[in-house]
Structure formats: C-alpha cells, structure tokens
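What follows is a set of notes on a single structure, which appears directly below.
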Amino acid sequence: MSYLSYVVAAYAVFVAVLAWDYLAPRLQVRALLRAARARRARSAPRAASGELQR
Amino acid sequence: MNPVLRWFHQLGSPPYFDSFAARWSPWLFAAAIALLGIGAWQGLFVVPADYQQGDSFRIFFVHVPAAMLSLMVFAAMAAYAAIALVWRIKLCEILAMACAPVGAGFTVITLVTGSIWGKPMWGTWWDWDPRLTTELILLFLYLGVIALYGAIDDRRNAARAAGFLAIVGVVLLPIIKYSVVWWNSLHQGQTISLLGESKIDPSMVAPFWIMYAGMLCWFLASLLQRARADNLRRESGKDWVAKLSGGEA
Amino acid sequence: MSLPPHPPLLRARDLGYSRNDAPVFGPLDFSLDAGEALLVQGGNGAGKTTLLRVLAGLLHAETGTIEIEGREPEPAQRARAVAYLGHLPALKADLSARQNLDFLCGLHGRRPSVPIDAAMAVVGLAGYEDALARQLSAGQKKRLSLARLWLSPAPLWLLDEPYANLDLEGIELVNRMISVHLRDGGATLVTTHGAYAAPPVRTRLLELRAAA
Amino acid sequence: MSLPPHPPLLRARDLGYSRNDAPVFGPLDFSLDAGEALLVQGGNGAGKTTLLRVLAGLLHAETGTIEIEGREPEPAQRARAVAYLGHLPALKADLSARQNLDFLCGLHGRRPSVPIDAAMAVVGLAGYEDALARQLSAGQKKRLSLARLWLSPAPLWLLDEPYANLDLEGIELVNRMISVHLRDGGATLVTTHGAYAAPPVRTRLLELRAAA
Amino acid sequence: MTSPSLSAAARALLLRDLRLLWRRRGDALQPLLFAVLVVVLFALALGGDRRLLGAIAPYAIWVAALLAGLLALDSLFRGDAEDGSLEQWLLAPVPLAWLVAVRVFSHWLTTSLPLLLAVPLLGELLYLPRDQLGVLLLGLGLGTPLLGLLGAVVAALTVGMKRSGILMALLALPLYVPVLVFGAGGVAAAGQGLDAGSAWLLLGAGLAVALVLAPLAAAAALRIALD
Amino acid sequence: MTSPSLSAAARALLLRDLRLLWRRRGDALQPLLFAVLVVVLFALALGGDRRLLGAIAPYAIWVAALLAGLLALDSLFRGDAEDGSLEQWLLAPVPLAWLVAVRVFSHWLTTSLPLLLAVPLLGELLYLPRDQLGVLLLGLGLGTPLLGLLGAVVAALTVGMKRSGILMALLALPLYVPVLVFGAGGVAAAGQGLDAGSAWLLLGAGLAVALVLAPLAAAAALRIALD
C-alpha cells in the first residue's frame, strides 16, 4: 500500500497553514501603514464653513 | 536599574517594540524555515521506513511537534494574559492576543495531519475519541478567544476579556495531555519524552527535535509579527505611526 | 367655492390619539404653512412625542385626519414630504459616520446640492467622518442625526426635542438650520419644554396639556 | 504636620483617562467639600460622561487617584458614598414605578426617614405609583430616577445631565433637590452644557475641553 | 434625483449590510460554528456509536441548520429596531416589502450560505453516507432560503419586544416543521433508493410562493409591531 | 438601617425577579417549550422510527436541555445591562459576586426547573425506556445548575456586546461539553447495566466547585466587560 499521497497531503497542509500564518499579519501591517499614510494626507487643515448654504 | 528589567521596560514602549519586532521577526522566520527544511528533509528522505507503519509514519514529524505547540502556545497565551490582568501591562495583552491565531494554526495542523494519518492507520478520518475530541475543543477555545477579542471595541477591555477566557480555558490542557492515559483511547500513548528514554527508534529522535525547534522559532517569529500588527492598529492615530508610514512609503 | 391657491403644507383636523381607550392628546386642529415653525410645548408626559409619531405615520390616529399639501397622503407621498428626528438616532454603531449617512441617503433620497462631507462640516463633525458611530458622545450622535436632516429633501421636519444633549453652540446650530430650512420654503414642528431659546423665525405655538 | 480636621468629601489628584491610548480628559485636580456643588461644563464630546463614570468607579482611571473623605476607597465604601444618575435609567420596563424603587432601595439601602410614596410625590409622580415604567414618557422616567436619588443615603451625588428631558418645573425640582441635599451636608457633581439655570448653591466650576 | 429608486435603495441597503459584515467578519461564521457545535454535541452525546450516528446524520444536520437559522433570526431586524433604523425604513419613500426582501436576501447570504458550504464537513463528522450528501445539499439549498423567508415574518412580528429569543423560536418552529418534514423526508427517501423528486418539487414551489408573499407579510407585520 | 445587608439585597433581587416573572408568566415556560419543540423536531425528522428514537432519546433530551439553557443564557444579564441596572449592581455596597449568585439561582429557578419537571413527558414523546428516566433526571438535576453557573461566566464576558447570541454559544459550548459527556455517559452506562456512580460523583464535585468559583469569576468578568 502506498502512503505517498497521505504524506504529501499532510506536508502540504502544514505548508499551507504556515504560509497563511506568515502572510496574514504582513498584509495587515501593510494595510495599516497605508491607512496611516492616507490619514496623514487627509488631515490637512480644513476650511471652516461660516454661513449655512445648501 | 537591572539591565534586563530596563530592556523589558523599554520594550513596553510601542515605537520601540515596533522596531524591535520588525528587526527580529525576519531572522526568526529565516531560522525557522531553515530548521524546518532540514527536519523535513531528514524525516522524509533520510530516516528509514517504519517496520509497522511503512512510510505513513513520516507524518509523525509534523503531527507531533505541531500538537505539542498547540498546547504550549495556549499555555503561553494564558500566562501572558494573567500577567496582563494582574499588572495591566499593555505589551502582555498584545502578546497574549497575538498567540491565539498562531496557536489556532498549529491546532488546525494537528487535527488535519492527524486525520490524514488516521485514514491509513485506523481506517477512519475521525473518531469521537477523548484525545481527538478535546483537541477539537481546544480549536473552539482558540476561536472563542479570537472572536471575543474581535467583538469588543475598546482594545484593552477586549484583551482583558479574551485573556480571562484563555485563563479559564487552561483547565483543558492537562485533560488533552493525559486523555490517552485516563481513558482508553484509539490514539497513541506517550512515546516521546524530553528527559527520559523515548520509546521511538533512535534515528527518528534527531529530526523530531529539529522540527520541534523549527516550529518553536516559527511561533516566536509569527508572534512578533502579529503583535506588531496589533500594536500598529492600536497606535494608528499616533505620530510615530504616521512617520513610519511615510518612511516606508 | 374655490380652493385656496396654496393649501397649507400640513393640516390636522380633529386629530386625537388614545392609548388603551385613554386619550393621550385631545382633538387638535392646526395647520402649518411653508416657512413656518410650530413649537409644540407641554410638560413631561403631555403627549408631544406621541403627536409627532402620529404625524409621521408611525402611529395611527384614533380620530381626525392629516393632510399634507391639501391631500390625505399615501404612505410613499408622506415619506417624501416628512423627515422625522426622534429619540432614537437610527445609527449603526459599527459603521463610520459617513457610511451611516450614505445609507440613510440611499434610503430617503437626498438633496443633490449638498455633498455628505459638507453636511458633516455644517453640523461640526468635520474630522469625524471615519469615526464609528459607537464612539461618538451623546451630543455628537445628535449632530450626526442633524446632518441626515440637512441632507434630506423633505420639506417638513418633525423634530422631537432636537436641543436635548446639545451644547450652547449646538442649540445655536439647530436654530440656524431651522431658519435656513424655512427660508427655503420648508416647515418644521419642534417639541420643546420651553427651557431653550426658540428659533428666530415665524412661529406658532401649540400647547399640549396631559389629558386628564 | 497635623491632618486637616475635615478632609474634602471628594478629591481627585492628577486624574486622567484614555481610551485606546487617546486621552479623553487630561490630568485633573479638584476637590469637593460637603455642602458644595461642582458644575462640570464642556461642549459635546468633552468627556463629561466619562469623568463621572470614572468617579463612580465604573471605569478605571488611567492615571491619578480618587479620595473619598480622605481615603482611597474600597469598592464597598465607594458604593456607600456615591449615588450615580447616568444616561440609562436602570428601570425595569415591566415593573411598576413603586416596585422599581423597592428594588433599587433594596440594592443600595435607603434613608429610613423617607417613605417611598413620599419620594414619588416629591418628584411629581404621585398617582403614577402603579404605572409600569414602560408607560412613562421620557421626562417621567427621569423623574423616577430622581426619586431613587432622593431615597439614597449616599452623600455624594454624581448627576449626568440631570436636566435633559425635563420641563421647566422639573428643572426647578432638580435645583430644589440639590439645595436641600447640600444643606443636609451632601455634595454633588452636575454635568451641564450651560443652557440651563444652575442650582442656587455654593458652586465651583470645572471646564472640560476635548483633549486634542 | 432626490427620491431614491428601488434599485438605489436596495443597493444602499446591501452595501450597508456588507460593510457591517466586513466590520464584524467573525459574526458571519457564527451560525456555521454553531451548527458545527450542535453536530459535535450530538456526536459526543452518542459517544461515537458509528452506526447510530450515520443513521441519524442527515436529520441531525437538518436540525442543526434549522436551529442555527433560528438563532440568527434574532439579528434580522432586531438591531435595526433598537437603534431606530426601522422607523426610518417605514418613513422611506420605497415600499417596505422591498426593503424587507433585500434584507432577507443579504441575511441569507451572510448566515446560511457559509453553512451550506460546510455541510460536507459536517457530514464527515457524523459519518453521513457519502451518497446522501448530494440530496442533503439540494434539500438545504432549497430549504434555507425558505426558512429565512418564513422566519422573517416571525421576526417582524416579535420585533417590538425585548428579549424575544425563545418566543421567536416558538412562533417560527411550527412554520419550519413542514420544511423540515419535506427536507428530511426527501433525504430519507433517497437513502432508501426511492424517488425524492416530489419532496423537492414541493420545497421549490413553497420557495416560489414565499418569495412573493413573505416580504409582504413581513412588512405588514412590521407595521403592526411598531405601531 | 441605611446600608443593606447581604440577605436584604438578595431578598430584593429575588423579589424583583419573581415579580418580573409573574408579569411575563409566558417567558418562564419558553425554555421548556423550546426543549419540547427540539424533541418534536427530532421525532418528526426521524419519521417516527421507534427503535432509533428510543436509542437516542436520553441524548436528544440532554442536547435539548443544553440548547434551551444556552438560549436562555442571553437573558441572564442582558436585560439588566441594557437598562443600566447592572451599573447600579456594580455601585451597590454588597459584593457583586453575591448578587451574581442570587441572580443565577433565580434564573435557574425560572428557566431550568420547569424543564426538569417536564422531562418525563419528553421521555414519553421519544419512547425513552422507562427505567432510564430516573438516572436521566438525576443527571439533569446535577447538570443544569452546573450549566447555569458555567454559562454565567460566559454571559458576563459577552454582556458588553450587542447581539452576542451566537458568540455566547460558541464560548459556552466548550465549557458545556464535559457536563454533557459525563451526563450522557452516565445514562449510557446505566442503560448498559454498568455503574454510573463515578459520573454522578464527578458532576457533583464539579457543581460544588462551580458554586464557589463561578460567581467570583462571573463577577470579575462583569467588571471587565463593563469597564
């Protein structure tokens, strides 16, 4: 009986989970830094509106 | 001040921790990948086939270290959480919560590789056996901690509530560990031991411990990386984050 | 007999509401023209909230009729004519301030002339666009509801204690919003206890007294 | 050095609170003697509610200490000294007004000198003893909470926007209650926006400003 | 355009629900996790008796899906009622039934669909015979939207009450019973090699009718409940 | 006396809960009715196969009781949190753990006790062998208070959130599993004529420990959740 497919499947699962574990927080960090940059760009002073207009 | 204490104190400052984690986690990942590569190569190609289980026992080298880590990470999470609850140290809250997804990952690996191994050995993917069941419950606990942490919006309160749950959940660890001893079980009994004589073939011992060390490094590396992400999220309004984002753009 | 050229925006005839057969407010007759404000006053428990909910169509009047622009309205017509600000803010705690307005405008339609961010600036929430609604204080939530009102195309505003929880500057803001709205041909009902300054506009008064 | 004969009823040193690491109110220092009222003023979102919750012990201060009668209190001591009136009324909708007061007095203790029905008469709810709490209007609920306060034996009242939703007569009532309470040796913190008349008693002022 | 069209209102509502979902991603998995837990509980209570488990597997999965749907029902209108959004729906210039239909759809998408995707795993855990998986999935695919639509009527009726969890379950279950009987009956018939077509036809017909009538009924019930 | 004694506070709380119960009599029966419906659903789904039903009867009843308890858990602190009563508990001069213990007791009295009384009926519906009824009742009598106490910790942790229904289920079930395993295991052992004493001993010991620790843990969790 060949066990090859079982062994390959087990190691593949192992690699897949580790890959997720590596990538997920990296993507989070990237997104957070991007958001911080966007916020900094946005926080330029705004013109205060005086009289109500619509 | 004691230099170790001072270093620990410094580590508690968010910007310092960020740079610390950013510096060290790549090295730890590199070490982990190297160790895991060597261990897997030895386990897959160097060690001779088992006389009983044939080649299927090569799953052993991922299954058992991952199972051991799934328990250890939970213990670490509870320890960090206890420190965080008692002394209100923010870094420990972050570290405790960073443990949860990593530990859940190892638990998934344990469950899936175990199932895959079970098919040829026991003739079934799954059985409601004490060890398997308790390990599944461990996964649910990990998910519960993650969900609870996500469900409360004040990050500190969320960490304290989820950490509390982790501490309550520690009761499960000895039950998983000794389930094979207390109940009669389909699953293998204790075979590996750190100090005494292990009951496995000597040729398997070295790759096993290499894999174990590799996974340990992986855990530390991933812990730092996840803690860094959480740290950044908590501090996202701060100046240093804005500076950092500008610098890395 | 010829119809008057401009029927009043809102007219209540003989309007009464009872809860479990006990009258909450007696039969009322009043009308409201474009450009007018109606101040609904009365002590605690006089029935102000109940009256506004009846006018909005959330409760069914026991007796009498409500006319909008001279006709008894279909629900959809009434919806187009009325904007209601009640005790509950209708905000999703987990969405940001801007996303909340997005949704409410999708539901009620909006004035094409006013961008959402401009409305937020008007009510003094500039800079809070991305804050989650749950993170706003009591007064900030009220201001967000005011922004929704500002975006709404409905001519008739029904405001239940719009001043509660607002600071002095906020009270001033409500008064300015009402003035502009009336100048543009709208009308509004405002419930108040009389503890606050009323808006400086053409105002009628409706005294409610707890039905015995 | 000898201790002062009467330590203040409440003293905050260096008190600060942060949410998600952003300061809500800065380090504050103030003290409050028996017979005094402290008016906490500030615009929407300045942190008034948060301050009161910290003082009541519902939130944990980030920095600084709180002393009551000269000592940092145990939770049970603090509970005996403090009565808190927040945005939420703590009323069970399905119990009658009197049953609600019954329970709250069982929980917090009460002044033996005041019968429950007398307290309800004081706040103008005579006749509503058997009405269910869900049937009360916004202002009537507020009055019921005031009756609980009136029954409480605690010397220190923490009142978060006690005037909101009350009519003119109700505002007057709150001021009278505060005057009597202070005359009897109590003290109180009141948050307000400055739109209402403050109570005619010895008053200090604490301005809060939204932390940048 | 000042007054919104049907499609604009639907788009706004769907967008809002998806944003809320994204904000609380974990919630989307919770009905699924609950179903998994019910299945696990069953397996545990039966102590791993394989034969028995395999025999009751399709029924246990149906019951689990039904209970998960029942629990999720509370979130269909409850949140919107508590924060006053529902008042604004009633005051919107689009028909309430249309908003209800859109809401039921987005609710199905975010609560039942993940569960359907996980049915193969649940089957494995309960030793479901492999050849029954297809029929089970077909039945659930027709049944869960039907359950959602029927549930919407009940959820609408109870929306005015606080803490209605169990009352809602009580009102909904009688409506759910026919769906369960045909769904489980279809699987049973297929398991015995009989023709299950009529069960699926009935479920399909029920779904078609409910698609038209349930939003109208739920809208009427909402108006009554909020009066 | 101005400051209340422990017993005065407990009496006030119990009285309040009983009054509320009386005001909404129907609610007391709802967990029971829910359990009945789960049992009926099961009987329906299995199409009245007597042999199969009798075999799974005690387990189905355990699962039904557990799910009913889980659903009722939401009402343990939720109502008090939403209307601000819980804030007042925290500000009361009696220990929070004591109030929690009293509340758990009154909750058990009003939700689990009716269910226990109805177990004979449920057993009949599922063709439970008569001789297993005694052990089943014993197990449930020890198990339901334990479930309530464990559930209180989880309910306390999730009290700060809106709509926590399913999250609570997810958190509570891992804690419930041991109770279920020993409870159902005891019945199974008795059914096979073995000695079930050790299962009952373990449940009893768990109950004793939980009686002391769970209110303390729940009080700590409440403080964390409301912070």
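Lettered A, B, C, D, E and F in written order, each chain numbered from 1.
Going forward, a contact is a pair of C-beta atoms (placed from the backbone, for glycine too) under 8 Å apart; a residue touches a chain by one contact, two chains touch by 3 or more.
Source: prediction; values computed, not measured.
Separation of chain D from chain E in touch steps, taking the shortest path, is 2.
Seen from the Cα centre of chain E, the chain whose own Cα centre is farthest off is D.
More C-beta pairs touch across one of B-E and B-F than the other; that pair is B-F. Two copies of one sequence, chain C and chain D, touch each other mainly through matching residues, since over half of the numbers at the interface are common to both. Here the spacing of chain C and chain D, counted between their Cα centres, is 31 Å.
Between chain A and chain B, the centres computed from C-alpha atoms are 21 Å apart. Remark: chain C and chain F have CA centroids separated by 46 Å (rounded to whole angstrom).
Between the CA-based centres of chain C and chain E the separation comes to 37 Å, rounded to the whole angstrom.
Residue positions of chain D touching 2 or more other chains, listed in rising order: 87, 93. Counting only residues that touch two or more partner chains, chain A has none. Touching two or more other chains at once are residues 24, 26, 30, 33, 37, 40, 44, 46-47, 79, 82, 162 of chain E.
Note for the complex: chain A touches chain B at residues 1-4, 6-7, 9-11, 13-14, 17-18, 20-22, 24-26, 28-29, 32-37, 39-40. For chain B in complex with chain E, the touching residues are 125-129, 133, 136, 140, 143, 146-147, 150-151.
Taken in their complex, chain F has these residues touching chain B: 153, 157-158, 160-161, 164, 167, 170-171, 173-175, 177, 217, 220-221, 224-225, 227.
For chain D in complex with chain F, the residues that touch the partner chain are 56-60, 76, 79-80, 82-84, 86-95, 99, 102-112, 153. Of all residues in chain C, those touching chain D in their complex are 42-46, 49, 87, 136-140, 142-143, 161, 163-171, 193-196.
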